[in-house]
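Okay, so chain A shows up in both of these, paired with chain B first and chain C after.
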Partner chain A sequence: MSLAAAQPLPVGPSPGRPLALRVAARLVSRANLFWVTGSAILLVGGVAGVVIQVVPSLRHLYLDQNLIATFKPPFSAGHILGTDNLGRDMFWQLLGGLGISLSIGVGVSLISVVLGIVVGIFGGFFGQVADAVTNVVVDVTWAFPAILLAVVFAGWIGPSLTTVVLALALTNWAGFARIVRGEVLSLRERDFVNAARVLGVPKVVISARHFVVNLLPVTMVMIVYFIATSIIGEAGLSFLGLGVQAPTPSLGLILTVGRDYLAISPWMVVLPGVLLALGVLFLNALGDHLRDLLDPFGRIQKR
Partner chain B sequence: MKFVVTRFGYAVVVILLASIGTFIGLHGSPGSVISSVFDVATTPHSVIVAYERKHGLLDPVWVQYWHYISNIVTGHFGTSLVSDLPVMTIFTTSIGYTAQLAGAAFLLAFGLGIPVGVIAAIERDSALDRFVRAAASVVLSVPNFVLGTLLVLVIGVHLRWLPVGGAGSINDLILPAVVLAAEPWSLTVRVTRTAFLEQMSADFTRTLRARGVSERRILWRHVLRNSLGSIISLGTIQVRNLLGYTVLVEVIFRWPGLGTQLVNAVLNRDYAVAEVLSLLLAAAVVLASALGDVVLRLVDPRVRVTGEAS
Partner chain C sequence: MVIAGAEPADSGVRAPVPALEISDLSISLRTGTTDKPLVTDVSLSVGPGEIVGLVGESGSGKSLTALASIGLLPHGVEVRSGDVRFAGESLVKMDRKRLRSLCGSSISMIFQDPLSSLDPCARIGNQIVETIRAHQQVSVAEARRTAVELLDRVGIPRAKERMRSYPYEFSGGMRQRVMIAAALVLRPRVLLADEPTTALDVTTQAGIMKLVQELRSELQMSVIWISHDLGVVGRLADRVAVMYAGEMVELAPTEELFKAPRHPYTAGLIRSGTRLSYGQPFGFVPGTVTEPGHWPQGCRFAPRCDRASEACAAHPALELRGQSALRCVHPLGEEPAP
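Our next item is the complex of A and B:
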């Protein structure tokens, strides 16, 4: 955002510590403590949320129902955040939902980023025909509003966790492919690329060895933004009933169910809503800090 | 003029390819409309076959695609497989609602976003500016269905100021329009503020100031015109987002627009309706983007130069 804060970080092969470490160090020292601790807490919560679903002996934490203790408000005895319509503990439900959100976010952004890089480099570096073809494909994908494509797609292969990941990834990659293509257009004119080509290095090798490395900063920023938008997308699809199915915990699912009990137990809407908003807020802030570090010239356009 | 023709010609190609995409996407899905119209276990086979023959479901795929495309081009859109209503009727009854909602949100987002962004840029780093930036970040982080549900809870259920769903009076429009406008509003504020700050520190602004041109004239005549490019680009992207998010917002507020119809059609495998509606939405996005490019060229001569060079 602020241009004054933008200082380019040297990119490419460098002496000393690897890029990831340097970025991490800069992020912690420059960003204020609030964002870093917030993101760290979210990450720990998300990992814990995955663990309680993967380890069978822990599943009872969020699955156990208790029909005589439904709709308990937060700070009830034994349930710090209360219980839902089936008497399940809200704290563990939300934690599990956070785990699902984060794993979907990571899965979606990895797929979108790989697809975006491959298609973007293909369009930008493999001749005019390749460029024209990829441009049309990207524009056609881009013609469908993200949620719309996801709705059609989720209706197509039926609602499930995999559906959500595929639907969101298939809508996300096109935007990133555009950014990558733009980057490649300028990278391919650089001397080190010309040198490699004169030496007879195949285009595929140049792409894999030189382009991918130089695209890393942009990619890291984009991954953070993709995780944020995927979390929103997952919750939105689950909210429409097209995403994750019960009893898998999902923030969007808790919200949908909660909507039916708005008057009895507003907590079922407020808690997942606030958690979603906080998660996205932290991720967006993290992405903005990363962008200030890695992309000082504003090449990345958000959404 | 040549640019206008090629740009819109390209848009038509993209729309045509999008039509093949929607057709394959919906026809390739394993479910079938039969199970949402008939109770397959108890219906005689002959009835189902008669139904399939009537709607051309037994034709080869390319014949079905030809019907679909020629229906759209001739503008009578075919009939719904589930309700037997003409798709045209479904479209005309719902487009008005969606246009109302998306239009109101568009006006809110840009009508309130541009001035707020401008003021924040002029008052850079003041308390007001910091407040606006924080507000935009927070609003951007709240997913619209969360915002919608929370507003229903507070304003609809607790305060009882506004209705929580349905469509009819202007009161019904307020909540969904605000919810839909929230995200584009915060993006507009950010983009306007950044663009203005950039232009206000540009060399030409300093020159104008040195020549004694009044601040107001610099701002409204020069800075605004130079910032329009980013704002218009954002506008065309927002058409896509608005049309996409109406799907969610319409479901939350039981708003009988295109999004609601489309979600129902997809869930019922009503190809006839789903294909036409999703293609029309996609066409709107593609045309808005083409229109944006053309307008951008009209207001900003520099785009012409770079456009020709590439």
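Our next item is the complex of A and C:
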């Protein structure tokens, strides 16, 4: 074709590094090093917390009891954060609890996000009947307290880690479904969706190929947010005895036990409480920065 | 059942069988109980391999006419009466599933803005491949080959590499070529082009037009080229239909229309596009298009027309004369356009 010869266009800027790396680089390079570092430390702690529970030879770190060294305050010899009522090391207990919290957060996020995206796209893109039905389902779910659901699950399959994940995920997704639906309502009017439909691309393919990718920014922010809320939710449910059971370490569980010894050993309550607060704070800040990074309009406003 | 591939041999010989036939199409906006007409009684048939230009000011109903043909009217806007037939089959009454399968493979559309018509988050290649695979049971590798071939054909240099590019890495003209490639990948019989070159610069515009002309003669593809730019349409189209306020006012072979426009509005449009000599101001049509819902009872152009008389108080019917049509009681006759 003659047209090809007439237009020797230079190839556009080719992104050298993959997108994930570029986002990560921007995340660190911005003036939020404090928050990013904090979140990174939390993450590393969480992973370590999971590792010490998964690898059998490391379990002694947080499981080993020493009844002649109970209620040691922080900075005692051999126990940097002290020991609990059974003489178990608080540092490893908290690390394990953080690991449990984060893995529950990730599990809840994944389930919520997948459910939310599927239901949200279904409601927003597959006709008015689908929309009406999903709206009712979302409303009912939204009105359902996680604690009530946890009680139901605890009675049904017994209180456990699974109970917590299911109870939180099956209530959380509804909020995300609503956000996704809103995004889809605006996405579906975009020209590229019309263009794809005119070219006969089925709705399911449009949903999977175009919607999911274009929903990524809001999804990533929501994942971080869900992890933060799940950590609180898990602590709450475990505190009430509906969640994780001893001897699995959990921030909520440590809080419950610590409450009984508040007068003689306040750090059993203070330490998990502070960790919980810091974790959620850092995660929320991370979510905020992610949003700024991924939302071009938010970025313009900030400058 | 008439399959797209089976027909061209037939229709090529018998010219009267139109590829796309719009008959008495009326479209209106429904809000609650009110029913506001947006397009009334548009009839237009496009023969195989013919390019028909559809011109008119913004809001004259050009795009709606095209969108109705492929069942993509905005929410609340409906076809009230009339029909659009593709190879004898009604597209308006067709069930959605069948319409979807025709879309892309038999009827395609290119939109005005090539940036927004491509998913910013998807690679160029994937968007074409997905169109192919929506209609044909072929492997990804095979679909990719077809896509590369076509991108090459529409003048994307190093098409194979550029399959992996994202839309933002392309210029406007390149994006429009990608859109054209996606629209033509299944060799449709009918192409609806909704102001495809409006957002492009003049040289790119010329390239796209040349491409469409080549493909037209190669594929025997019928084209409805929507534009408000008479210059573009004049160079490209075989026939031109002029729309004003939701109805067709004149239809004529291109040369005839430009040499001797009969409707005063057409004459005004042509005048406003040409400068008679250097230093002279552009011509223009005084006033603006009447909004839908406020159309006059009689001739809708009468309020802006310098030839209007009492006779224009009655709504003029569309008079057919051979290949042409006219809706005016005081046409510009043998006298040359001022």
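As a working rule, the second predicted complex is superposed on the first by the 261 of 303 C-alpha atoms of A that agree within 3 Å, B and C clash if a C-alpha of one lies under 4 Å from a C-alpha of the other, contacts with A are read in each partner's own complex, and residues count from 1 in each chain.
Keep in mind that, in the parts below, a residue touches a chain if its C-beta (ideal position, glycine included) is under 8 Å from a C-beta of that chain, and two chains touch if they have at least 3 such contacts.
Nothing here was measured: the structure is a model prediction, and the numbers come from that model.
*Asks:* After superposition on the shared chain, which partner residues are touched by A:Val205: those of chain B (first), chain C (second), both, or neither?
*Replies:* A:Val205 contacts chain C only, not chain B.
*Asks:* State whether A:Leu216 touches chain B only (first), chain C only (second), both chains, or neither.
*Replies:* Touch partner of A:Leu216: chain C, not chain B.
*Asks:* Just checking: does A:Leu61 make contact with chain B only, chain C only, both, or neither of them? Give me first, second, both or neither.
*Replies:* neither
*Asks:* When the two structures are overlaid on chain A, which partner does A:Phe239 contact: first (chain B), second (chain C), both, or neither?
*Replies:* Touch partner of A:Phe239: chain B, not chain C.
*Asks:* Name the chain, either chain B or chain C, that contacts more residues of chain A.
*Replies:* B
*Asks:* Looking at the overlay, does A:Ala285 come into contact with chain B only (first), chain C only (second), both, or neither?
*Replies:* A:Ala285 sits against chain B, while chain C stays out of touch.
*Asks:* With the two structures laid over each other on chain A, which partner does A:Arg197 touch: chain B (first), chain C (second), both, or neither?
*Replies:* After superposing on A, A:Arg197 lies in contact with chain C but is clear of chain B.
*Asks:* So which bits of chain A does chain B touch that chain C touches too?
*Replies:* In chain A, residues 1, 3 are touched by chain B and also by chain C.
*Asks:* Which positions of chain B touch chain A when the two form their complex?
*Replies:* Those in contact with chain A are residues 13-15, 17-18, 21-22, 25-26, 28-31, 133, 137-138, 140-143, 145-146, 149-150, 152-153, 157, 187, 190, 194, 197, 237, 240-241, 243-245, 247-248, 251, 262-263, 266-267, 269, 274, 278, 281-283, 285-286.
*Asks:* Give the list of chain A residues in touch with chain B in this complex.
*Replies:* Result: residues 1, 3, 136, 139-140, 142-148, 151-153, 155-158, 228, 232, 235-236, 239-240, 252, 255, 258-259, 262-263, 266, 269-270, 272-273, 276-278, 280-281, 284-285, 302-303 of chain A touch chain B.
*Asks:* Taking the touch rule as given, give the residues of chain C at its contact with chain A in the complex, in rising order.
*Replies:* Going through chain C, the ones touching chain A are 70, 72, 100-105, 108-109, 111, 113, 116-122, 126-127, 130-131, 134-135, 152-158, 161-162, 165, 168-171, 173-174, 179, 182-183, 186, 207, 210-211.
*Asks:* Of all residues in chain A, which touch chain C in the complex?
*Replies:* The touching residues are 1, 3-4, 6-9, 11-14, 190-192, 194-202, 205, 209-210, 213-214, 216.
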